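Every chain is named by a letter (A, B, C and D) in the order it is written, and numbering of its residues begins at 1.
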Amino acid sequence: MKNIYLDNAATTPVAPEVIKVMEPYFNIYYGNPSSVHTPGQDAARAVSEAREKVAELIGARDEREIIFTSGGTEADNLAIKGVAMSLQDRGKHIITSSVEHHAVLHTCEYLEKYLGFDVTYLPVDEKGFVDPSKVEEAIREDTILISIMLANNEIGTIQPVKEIAKIANEHDIYFHTDAVQAIGQIPVDVEKLGVDLLSLSGHKFNGPKGVGALYIRKGVKLAPQMSGGAQERRRRAGTENVPGIVGLGKAAEMAAHNLEEKRLKLKKLRDKLINGIENEIDEVYLNGPRGEDRLPNNVNFCFRYIEGESILLNLDMMGIAGSSGSACTSGSLDPSHVLLAIGRPHEIAHGSLRLTLGYNNTEEEVDYVLEVLPGIIKKLRAMSPLFDS
Amino acid sequence: MYSEKVMEHFNNPRNVGEIKDADAVGEVGNPVCGDIIKLYLKIKDDTIEDIKFKTFGCGAAVATSSMVTELVKGKKIDEALKVSKETVAEALDGLPSNKMHCSNLAADALHKAIKSYNKKDNSDNSGKENDTLDKATS
Amino acid sequence: MKNIYLDNAATTPVAPEVIKVMEPYFNIYYGNPSSVHTPGQDAARAVSEAREKVAELIGARDEREIIFTSGGTEADNLAIKGVAMSLQDRGKHIITSSVEHHAVLHTCEYLEKYLGFDVTYLPVDEKGFVDPSKVEEAIREDTILISIMLANNEIGTIQPVKEIAKIANEHDIYFHTDAVQAIGQIPVDVEKLGVDLLSLSGHKFNGPKGVGALYIRKGVKLAPQMSGGAQERRRRAGTENVPGIVGLGKAAEMAAHNLEEKRLKLKKLRDKLINGIENEIDEVYLNGPRGEDRLPNNVNFCFRYIEGESILLNLDMMGIAGSSGSACTSGSLDPSHVLLAIGRPHEIAHGSLRLTLGYNNTEEEVDYVLEVLPGIIKKLRAMSPLFDS
Amino acid sequence: MYSEKVMEHFNNPRNVGEIKDADAVGEVGNPVCGDIIKLYLKIKDDTIEDIKFKTFGCGAAVATSSMVTELVKGKKIDEALKVSKETVAEALDGLPSNKMHCSNLAADALHKAIKSYNKKDNSDNSGKENDTLDKATS
């Protein structure tokens, strides 16, 4: 049985090098980094080294701008609720896009529901791009935050974040970007991008699950959302997940080192997949853009007349792990909000397949997918009441 | 996620296809997810002689379609009407809670098909049993 | 150089059995539990088994009452903010005690500061006990939550939670208990205690850092504090920390199994330490109660005329890791709020030492501590301007 | 947390103790943490011939006390007055940011002791240099 993992946007295997550096922190250097004694200080040093590595990966000037969290979701929540809480007296308006991850969208909805905020959800074009001029138009007197993702987790669209950050900056509005999918795939530099806050998550780039980070530019005001001890410069309470943080640090170091090589490799595999599917199967629609504006690891198609889960289950039987959109909404039955936002009609949006590559996928694996996928689509279409064979 | 039984039916769905000269056809759309099931029945002497389905839907939708066709093939239509979504879910060793609504699809399509057949039948023949049937399918 | 770890209330080494079960989830069963494919479903099954084990440890009737979090702090925040958010229309008054962990106290302060809540911080007696009748007196029309910890992290006082929960229940008020320090030390049963919400944290009982759980009794209304994906029955968004959760499950299983043996062993070592210190050193004051109402692993003394950090650094030089209070406030210079609450004057509160035992401490280690501690205290007192030799 | 230098001074503090017939004594309490440092000076010909300390405080408090005594022993008192908290922290290869205030303690105690000595000295002898000294210790 094959074992081809093409769901690297959902999560990735932890790299062996990362596991190795984490191990001693479970039961050798197991101290609490807040403790005064040697075991505690050993742990504190490890946390601080990891912080430097993450800072370096994203070009932060000062490692104290990095706050460790339990993942991308917490980083998004902390960024948005944190700014909202601390600036609510200045204004209660936030601008975001309709294709953000639910960690951003539902956080915005929370602020609307519980705290009387007003949120503008900007539309996107048919490739998933946010128009910077629309961002500028949406700015109001009481806008306190703009949050636009760096790259989309479903269709791989890389947003013009630099331009949008510039607009935010000119209007003296904090700018947050969810870079969870971009990190480890494309170069990310907080200074060049000009962002004030940036979220990332370890398990999306071969680091461990349950750990992430929020970059907070020096001087940005932010209320903590986790109240308690004095950890993380009082911005995130809770005993540090030391092995996780150490693992995130190593993953960051590796990502910085391998970026270009990985990017080129995946882009080649990606384009082979895209071309192969378009050549082999009729009535398929690529979701998201082509070329440089697309994440190098992302392939996403709609297959007319059939439903996504059926494709996944069939692929799974052939040893191929794919997804039909974002993993964390797979419990939901609604078609993807991203596919609807780029204008796919309901029944076409329902027939989507996302294949996302990782650093250890091979060309042979891609060939195998291209070999079995057409048959699966054919079989499912034959079963579809919408398809006229 | 899915039971082995569900996966087995999903992988080898029974009675896939259309019946060109079907005596009854039932099509329902799932109000929750928008997916669609279409059932084709061949009925003779109030007995379901043949049944086929086409489904645009999730794994549960395919498996329940397949299971329904198997459960009612060869049965009298009033027996077939006793097949409810619970019957189908049970026969499949259960369904995930967020997929229970999918099992409605197949049972509803069956009931709709039989109801339309009875209507047609009634206008051709007599009206007996119509009341009970209406109740059963409501 | 000795290596005697007596700071098990700050954190514990991960048990080898726990590390072992976690390992395959880093890069063999690395799927995202929300994914439809086999790797995802393997992970989902592991999470669900861990959930059952945690439920069993605390006597929850239904494993769906367990929500995994990133630790004890998040569990406390979720319980308190979650209830506050969802019941704020009914009332904005919360009752807690002055000796709670900062994860509870600062969460309450957050609600006061940002959301107009009113919080009663009940005093405690000189052993650290909350008086249930004071809880009853503090109840108002608009009280929506009572939160009293099961056992204190600094001085080991085990609170009369069962009686307090009964009072809360009679008044139809939700009751939360922070059981982070109690789990794995004393029997904890949510049904017998009658609590509605209970927090626990993996790294306090030889599980991994960065993972914890909140027990939420069926029917309890609670707004999520982490917005995003549909994980954890929509009560806690974010990709699950699968290895961490699996480790927590194993730690729970082991804790349930070893509880009585560990309790008796630690109690013996604890009392040996307490008696030894009281016999060997003058002007020492035991903080917290004696006997059954004290956590079996907790020893906490004030040493008159000297300051806590100096004791810790000296112990550390002798290879002994202790603490002067809770780890996560060690950055702070204020004396412990718990010691002040039990009536210790400021300069005595500043001279505290907490030694907390773990399952692998030995009698020899205790003997060694008793051998070196008197000399350290003597040396420091000789340096103290307050001490008249 | 602490530099090696801090730990070295903490472990082997120089000049611990009292001077019974001290010419000057300076005691300060830390307003942030409530800890206390007491310095005893033996002064002859405006030179600090001997100095000892007693400290109730954290590791930083002990190490800075020890360092201060070492820095000023044998120095002229107006030289000694140039020792500031920054001098002490630097000589110890830095202190954690939340412990910077602790280094005030030792320097303050030193300045206080010398000031009180000068006051006493002035009432005995003449008043010269008093103004400058007051400025330096304010």
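Keep in mind that, in the parts below, contacts are C-beta pairs under 8 Å (C-beta built on N, C-alpha and C of every residue); 3 or more make two chains touch, one makes a residue touch a chain.
Computed from a predicted model, the values in this text were never measured in an experiment.
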Subunit C-subunit D separation of Cα centroids, rounded to whole Å: 41
Subunit B-subunit D separation of Cα centroids, rounded to whole Å: 92
Euclidean distance of C-alpha centroids - subunit A vs subunit D, Å: 55
In subunit D, residues with contacts to at least two other chains: none
Where subunit A touches two or more other chains at once, by residue number: 36, 309, 313, 331
Chain contact topology (line, ring, star, complete or other): other
Interchain contacts (touch definition) - all pairs: A-B, A-C, A-D, B-C, C-D
List of subunit A residues in touch with subunit B within their complex: 305-307, 309-310, 313, 317, 331, 333-335, 346-347, 350, 382-386
Contacting residues of subunit B [partner subunit C, same complex]: 1
Partner subunit C, residues of subunit A touching it in the complex: 5, 7, 10-16, 19, 23, 26-27, 30-32, 34-40, 70-74, 76-77, 85, 101-103, 106-107, 109-110, 114, 201, 203, 208-211, 223, 225-231, 237-244, 309, 312-313, 315-316, 320-324, 326-332
Partner subunit C, residues of subunit D touching it in the complex: 7, 10-11, 13, 16, 27, 32-38, 54-59, 61-62, 98, 101
Subunit D-facing residues of subunit A, complex: 36, 41, 44
